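Take a look at the structures below.
In the two complexes below, subunit A is the common chain; its partner is subunit B in one and subunit C in the other.
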Partner chain A sequence: MAEIASLSAAVADLVRDGDVVALEGFTHLIPVAAGHEIIRQRRRELTLVRMTPDIVYDQLIGAGCARKLIFSWGGNPGVGSLHRFRDAVQHGWPVPLEIEEHSHAGMANRYVAGASGLPFAVLRGYVGTDLPNVTDTIKPITCPFTGETLTAVPAINPDVAIVHAQRADRAGNVQMWGLVGVQKEAVLAARRSLVTVEEVVDELEPVPGGMVLPSWAVDRVAEVPGGAHPSYAQGYSERDNAYYAAWDTISRDRDEFERWVERVRSGEVVRAS
Partner chain B sequence: MSTYTADEMMSVAAARALSGGQRCFVGIGLPSTAANLARRTHAPDLVLIYESGALGSKPDWLPASIGDGILAETADAVIGVPEVFNYWLQPGRIDVGFLGAAQLDKFGNINTTVIGDDYANPKVRLPGAGGAPEIAANCHEVYVVVRQSKRSFVDQVDFVTSYGHGRGNGERERLGLRGAGPTLVITDLGVFRPDPDTHELVLTAVHPGVTVEQVREATGWELRVADELATTPTPTSDELAALRALKEASSS
Partner chain C sequence: MDKRMTADEVAAELRDGMTIGIGGWGSRRKPMALIRAILRTDVKDLTVVSYGGPDVGLLAAAGKIRKLVFGFVTLDSVPFDPHFARARQSGAIDVTEYDEGMVAAGLSAAVKRLPFLPMRAGLGSDVVTTNPDLRTVTSPYADGEELLAVPALRLDVALVHLNRADARGNAQYLGPDPYFDDDFALAADRCFVSAERVVDTADLSSAPAQSLLLNRGAVTGVVAAPHGAHFTSAAPDYGRDEAFQRHYVACAKDPEAWPSFVDRFLSGDETTYQSEVTRFQEAAA
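After this line comes the complex of A and B, so read on.
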């Protein structure tokens, strides 16, 4: 059963140095506050997994929390590059970053395999591209029924998955709606899981298109209103597009970024605007 | 006649390539601008599919990201990301994949991964693949919209992120890819289509006021020009008004 905890206690309990950690949320419901808490608790040597490492992973990478990144698209959506990610890949700053690079279809299927208790997934993907030449977790496989050559990718089973959702009840059942990305797959694929929510309520009212993760499939729930900012939680907040643009300036310069990290570590509420 | 920019001409030309009822997998940025313009002008029935899980979105402004709330709120269906790729894209349910590119080569291969010859020590690290490799493989055909320069329009991409026509001459069929690959490339200077036999991109139209020499100057390979070179019709005032209204709504 999910235990309702504070964000700091949940991160302290679940996230350890050297872990494989997946923060998911596809533009929507990104657990940014949890990422800040990992920076605050100075976790090191993490293998970070995420389809779209955007601002939150730029922050974790720049703060030196990661040794490896497994991903499929690393940019600042609608703005441009991730400067901390680029600095780590191109110059090894603040520490070298190993990368394992996939496509979205490959990453989504890796989570599905992880959630399904399978060692790998099969897809029609990557054919003709240079990705299999640089990523050793992409292999051809022959269909035993038709003889057709397809592509196999291994399951992802993170040590910890962290996602954000709209709400949970007091028993720890989690409810989310809107664009749900690979949140469910990431939680079910992971050994341990944390869901940050906008609010904890007495009763979960049904929502059209809503999805429920039962309490027994989640380890910790932490109430963190606005915990997805500058991403958003449909029904609670809007995407803060100005913050994404402002992040470009903060992240471009190492000194300015380090001042930002100090503000996170000191517990100041960080807003770019 | 109102004046317009080269970028506006590109968006209008790209929008005109789409027709009503088509199902279009839309990349963010230039493709999304063009697809939404098409839906607001001549192709109101165009079905826009965003990889975030929005099928049939009808946004009133241009989303800043692939997963803005407006895409989900106006969609016919909202689904998870594995479903987007496995159930909708992979079996060939999407007509047109509409992509951008950091680098595009003369056979329509796309690079959005690294600039430079050494993947491990890139000159420039780009965002990476996203959904594009499988969009390029599994849509019935692919349209690419890209600002053209010698840097972006190269003889051979540094890294094949999304496969176009390989090195040409039917390589795509030999690999067993089911979609036709890039059939149309729209830039701020003109329009290119692959030669039916060699699959090399050939200049088939220039935008008004653009010379072949200008296109040649912005092409990183020995440019081939179609025997019957067309000139793109000038943007209409309706097209420009719709484009500017979309952009205006996005920035407000």
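After this line comes the complex of A and C, so read on.
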């Protein structure tokens, strides 16, 4: 059953050096505040997993929290490259970063397999791409009925999954709606999970298109209003497009980025730039 | 595009030897008006995939089924369908009996246009020994685990019954459970939907977005079929007609009584069926 906790206590309890950690949320509901708390607590050697590593992973990588990234597509959406990610891959700054690149469909299937308790998933993806040549976790698998060669990808079972949602009740049941990605699958695949929410309420009113993660699937719920900023939480906030543009300048320069990290660690940056 | 058609036009699309999937679950939200229309044709040798209820019983009684792929056949409040029990015990139909989850995995594989999906259910059970065509697949990763491979259940035609649809084929369930109707629809080359009411598209927005189970891209034809799930349930429009189901079971159990049930309820068209049901209900009241 989920406990309601502060963000700092939840991250301290759940995220350990060397863990495999997935922060999920696709354009919408990205758990950025939780990423900042991981930076504040100076976690190291994490294997970060995410379908679309964007600003929050650029920040974690630049702050030296990660030793490996498992991903599909990386970038500052609508702006350009992730400069901290690029610097880590090209120059090993501040620490070397190993990468394991997949397709979106492959990553989604990996979470589904993890959530289903299966060791792998089968799909038709990757055909005609170079990914199988550079990513050794992509394997051929033969259909035992037709003899056809398909693609297998291994399950992902993160040590910790972290997602952001609109609401939770006091028992720790979590409700999210709008554009959802693989949050449900990531949480169900993970050994431990943390959900930051816009607000904790007495009762979860049904919402069209809403999805509930039951309390028993979640370990900690932390109330963090605006915790998805600069991404958005439908019904609560708008996407802060200026922040994404501003991040390009901050992240291009190591010194400027380090000043930003110091402001996060000192608590000066609670959200926004 | 207006996809409205009649139940008899749907039945006329079936050909001998086709594989058809039937939505619903046991004696719940079964496309019974479409099944009754099939009974009026001379189509035969069907392979039927179903979480079976009286759809299977009626088709078996009429000799339409060559092979049945199923997770169960039940009338819910009555454990067994007598026609199915007789066909199963006499060996009159070929059967592929799976675990419920395996049927779902087979449909899911077909939806994804994959030839199989791996799963754990069925391993170590007699499902494997009674279905010798099943195979296993070995994980290509370090775990090297052996899993059951469930072959895709591709369907020529899917038949489902929903509460509401528009003329374009967008269809909506208003009850507590979608069952696997969306997978049946997407696993099939063509899906025909019967609905309690065919409404304007805008009227579909009066219920939550989750209730919009099928979009028009998955649907070939739409049949307006009020009480079209009778005598199975179509909650919240109506519950199961338990008295009529008991009557069906009593007649199905008794070879002397069955011809008169067929004569009264199944020999005419759907309008005749519904009016005879009303007379049956008035007599019982």
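Note that in this section the second predicted complex is superposed on the first by the 269 of 273 C-alpha atoms of A that agree within 3 Å, B and C clash if a C-alpha of one lies under 4 Å from a C-alpha of the other, contacts with A are read in each partner's own complex, and residues count from 1 in each chain.
Just so it is clear, contacts are C-beta pairs under 8 Å (C-beta built on N, C-alpha and C of every residue); 3 or more make two chains touch, one makes a residue touch a chain.
What you are looking at is a predicted structure, and each value in this text was computed from that prediction instead of being measured.
In the superposed pair of complexes, A:209 makes contact with subunit B and with subunit C alike. By the touch criterion defined above, A:57 reaches neither subunit B nor subunit C. Legend: residue contacts after superposition of the two complexes on their common chain; A:101 is shown touching subunit B, with no touch to subunit C.
Using the contact criterion defined above for the overlaid structures, shared-chain residue A:154 touches subunit C, although it does not reach subunit B. Of the two partners subunit B and subunit C, it is B that touches the larger number of subunit A residues. Residue contacts after overlaying the shared chain place A:247 against neither subunit B nor subunit C.
Of the two partner chains placed by the overlay, only subunit C lies in contact with A:139; subunit B stays clear of it. After overlaying the two complexes on the shared chain, residue contacts for A:123 are found with subunit B and with subunit C alike.
Of the two partner chains, neither subunit B nor subunit C is touched by A:257.
Put simply, subunit A uses residues 123-124, 148, 209 to touch subunit B in one complex and subunit C in the other.
On subunit B, the positions that touch subunit A within their shared complex are 28-29, 51-54, 63-69, 71-73, 78, 80-82, 84-86, 89-90, 113, 119, 121-122, 124-134, 137-138, 159-163, 166, 171-172, 175-178. Here subunit A touches subunit B in the complex through residues 26-28, 51-52, 71-75, 77-78, 81-82, 85-86, 89-90, 101-105, 108-109, 111-112, 123-131, 134, 148-149, 178-182, 184-185, 209, 232, 234, 238-239, 241, 244, going by the rule given at the top.
Considering their complex, residues 112-120, 135-137, 139-141, 143, 145, 147, 149, 151, 208-210 of subunit C touch subunit A.
By the touch criterion stated above, subunit A contacts subunit C in their complex at residues 117-120, 122-124, 137, 139-141, 143-146, 148, 150, 152, 154, 206, 208-209.
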